[in-house]
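Provided herewith is a single structure, encoded as structure tokens, for subsequent inquiry.
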Amino acid sequence: MLNNELPVTRDTLLNEVAARRHQGYRFVTVTCVDLGDRFDILYHFDKDYVLYNLRLSLGRTENLPSISSIFFAAVLVENELKDLFGIPVTDLAIDYGGRFLLSEGSPVAPQRKPDAPPAQPAQTKDGAVK
Amino acid sequence: MSKRTIIPFGPQHPVLPEPIQLRLVMEEERVVEALPAVGYIHRGLEKLVEKKDYNQCVFLAERVCGICSFLHSVTYCQGLEEIMSVTIPDRARFLRLIWGEVHRVHSHLLWLGLLADSFGFENVFMHAWRCREMVLDLLERTAGHRVMLGVSCVGGVRRDISDEGLADILRTVDALQKEFDEFVPVVLNDYSIKQRTVGVGKLTKEQAAELGAVGPVARASGIARDFRETGYAAYGEVGFKIVTETAGDCYARMKVRCGEMYECLNMVRRAVAAMPAGAINVPVKGNPTGEVVARLEQPRGEVIYYLKGNGAKNLERMRIRTPTFANLAPLLAMLPGCELADVPVIVLSIDPCISCTER
Amino acid sequence: MIKRVFSNLFGSPATRLYPFTRREPFAGSRGQLKNDIAKCIFCGQCQRRCPADAIVVGKKPDKSWAFDRYRCIVCGYCVEVCPVKCLSMDPKHGD
Amino acid sequence: MTLTPQMLTVILAVVLGPILGALVSGLDRKITARVQGRWGPPIIQPFYDVLKLLRKEALGVNRIQIIYVWLHLAFMILTVVLLAMGQDMLMALFAYTFSSVALILGAMSVRSPYSRIGSHRKIMQMFAYEPVLILLIVGVYLITGSFQASSVAQQPLLVKLPLVFLTFLMAAAIKLEKSPFDIATSHHAHQELVKGITIEYAGPYLALIEITHFYEIFIVFAVVASFWATSPAIGLGLAAAGFLALIVVDNVFARLTPMWMLRYMWTVPLTLALSNIIWLYCA
């Protein structure tokens, strides 16, 4: 549990992010933690050296809406999530198509832990290559 | 006349010490659009924390970057100390500040040299690096290595600086001050350097805030934000002045960094004078449980470590957001409209550190 | 800058003709790892702590201590944890 | 066939020209290094470089490129021959210009953006220095009443063409790719265009460009020396002074932009040279 943490859902995410923008927060970064069964996606915002965090719990196969329409700077880190964790991020302002940090022949979604039930290979591939 | 060509700037390019590609869409010699392509040196360091214990990862964190190495390891250690509720001795906090600020001088000098090289001013390049050599020698004398200091550990620092060493630091700082007094005004007032930097790569205050610029890039655009203000390590006791400019161009960024170099020297002097005696580290027992976001101000801006431990000796997750990553988006806002000749200058003005960006 | 140009021209270069002239290493510099094998008890502490897996210690029957210089990151962690202090950092770099 | 003194001069110029040029280039690198506080390479480093390039595999992008690089060299040698024979200076300038044009065309014949932008910049450089060269020849004509290169030996030109001499040194800075004008290519890795105009050449073909450049250096300093052609000692001194001045300027300036170069070359130096010519004309 981080200080100043607010749990959000996929539906409330964009509103909350927009609210942070209104309050004059600066986008810092997005962190993804693979919990094995779900992902924890943490959105960090900063104002006057105090962090404000949004925590989104994301199912392993769910889409993640991009916040790049609100904070353009998020586009790079969201592409990184897509590459390293194989999370399908939708509505990206610039979509590198899974080739942001990785290239052809790289391991697919290297930071993603093996899916709990003996793999749904289609899903993994889908998310990463897309 | 509007035939568009795409120039691949990089991944191997004389101006770039590290591989990154900028696809520059050009109209004649004017840049219309720029798109970065990274991933040439992605090393998967974040994954490696799952394999190494948290003490070994101090060295791993140090190797995220080849320039601000020490500050990476300090951020990591500060994060773990927060999770594990460790209070480090005063002397360790001061030593961290001294090494950190000396490191900042070395990083800024390196940057100044590279910037000069980007507009073909070799003599400034050589001189900046000659000054940097004094700093690196100082680091080697006090810490045992020129860049990879290897002096951080969770709970303090590994190595003490003797009184003789402190005197050595003061001597070197004075020598550097003398060099800077002669050299920095020359660089800042040079006609040809002004021609190449004033008004080039403008970033307004609004853009900088919007795109989340950090470090000297933000400060050169008039945002007085410097994480050292929060007083981590010994910054609270030593105190410092934020250097800001308002023009937001390459010249302002150069001026901010030059001003910071002076400020670093002053801080080192004050820290040496106020150096408390005592232990340099405290033993740390047990394994980290919990999560934390650790931040501090690197030469390039604010770095962020997200650390999560679950009671095992290996961390569950480490995530690093380096300052260059945050400054990439502002860079893309600076490039359109500039001339090809200005691209190297603008790219270098954010002080890109690609290998830390990709980790 | 002109002043700097002339002071450089008539001064001596700041660089060294490297392989021929070398600077003496500073005391306390971490150059390369040395093991005083006579004192070593082959406990394997250094192997376990080494962040770069550069050390391999053979246990009891065939007591051996091997070290891959090219894996070593000269951090000095092993020197710190060695219980009998047989490991040390030589300020001289290896060739 | 007997060897006339004139033919001897020509052979000497063609054979010794590039060697002298390479030595000057080596000296340039050495002194530049010392100015920057470094040791620098040995003075004969340019010879090592060219010999190494010559031994490498001959690779070209296309045939046209290779033809042009030979033309580049051939017309540069022709320039040397014309000047050594004391022939028409306008003719020599024409051959010299064609040599540069050949390099540009060669660079344009490949589909590399760096090479193309380098060629664009080379063209701008030519626009910047050609007027100066023409004014120099006009100046010589006004003094000696002849376009023959041999006529420069009649009297010390520097006395009557001091401003043109200064301008010529600026043109020389462009020709030798010195800061602030090193925009099309440069000796070390170039930070904007990588190697610019010569980027698509490798091995022996790059060596040819290097050799041509040695001839070029030779020509530039021979012209500088000819401003006092009546006394070889003073002429050489003049060349040495010009050489040192170029190195100092190279080291106290950053590289500026192509547009800056055009603006500059067409204002200050051109005015200087023109006023010198007008003064000659009226006097």
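Note that the chains are named A, B, C and D in the order they appear, and that numbering of residues resets to 1 at the start of each chain.
Note that a contact is a pair of C-beta atoms (placed from the backbone, for glycine too) under 8 Å apart; a residue touches a chain by one contact, two chains touch by 3 or more.
Fair warning: this is a prediction, and the values are worked out from it, not measured in the lab.
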Requested in this report: Could you tell me which pair, C-D or A-B, is linked by more C-beta pairs in contact?
Outcome: A-B
**Report entry** Inter-chain centre distance, chain B versus chain C - centres from mean C-alpha coordinates, in Å
**Finding:** 26
Report task. Would you mind pulling out the distance in Å between where the CA atoms of chain A average out and where those of chain D do? Result -> 58
Report summary line: Taking each chain's mean CA coordinate, chain C and chain D are separated, in whole Å, by 51
Report task. Note the residues in chain B that touch 2 or more other chains, in rising order. Result -> 123-124, 127, 130, 190
Query raised in the report: For chain D, which residues are shared contacts with two or more other chains?
Result: 35-38, 251-252
Query raised in the report: Graph of touching chains, which shape: line, ring, star, complete, other?
Result: other
Query raised in the report: Among all the chains shown, which pairs meet the touch rule set out at the top?
Result: A-B, B-C, B-D, C-D
Query raised in the report: Given the complex with chain D, which residues does chain B contribute to the contact?
Result: 5-8, 13-15, 26, 29, 116-124, 126-127, 130, 190, 192-193, 195-196, 339-344
Query raised in the report: Quick one: in the complex, what on chain D touches chain B?
Result: 32, 35-38, 113-114, 116-117, 120, 179-180, 182-183, 186, 188-194, 251-258, 260
Report summary line: Residue positions on chain D within touch of chain C in the complex are 31, 33-40, 248, 251-252
Query raised in the report: Any idea which chain C residues touch chain B in the complex?
Result: 1, 4-5, 8, 14, 26, 28-30, 49-52, 73-77, 80, 89
Requested in this report: State the interface residues of chain C toward chain D in the complex, per the touch definition above.
Outcome: 1-2, 5, 8-9, 11, 13-17
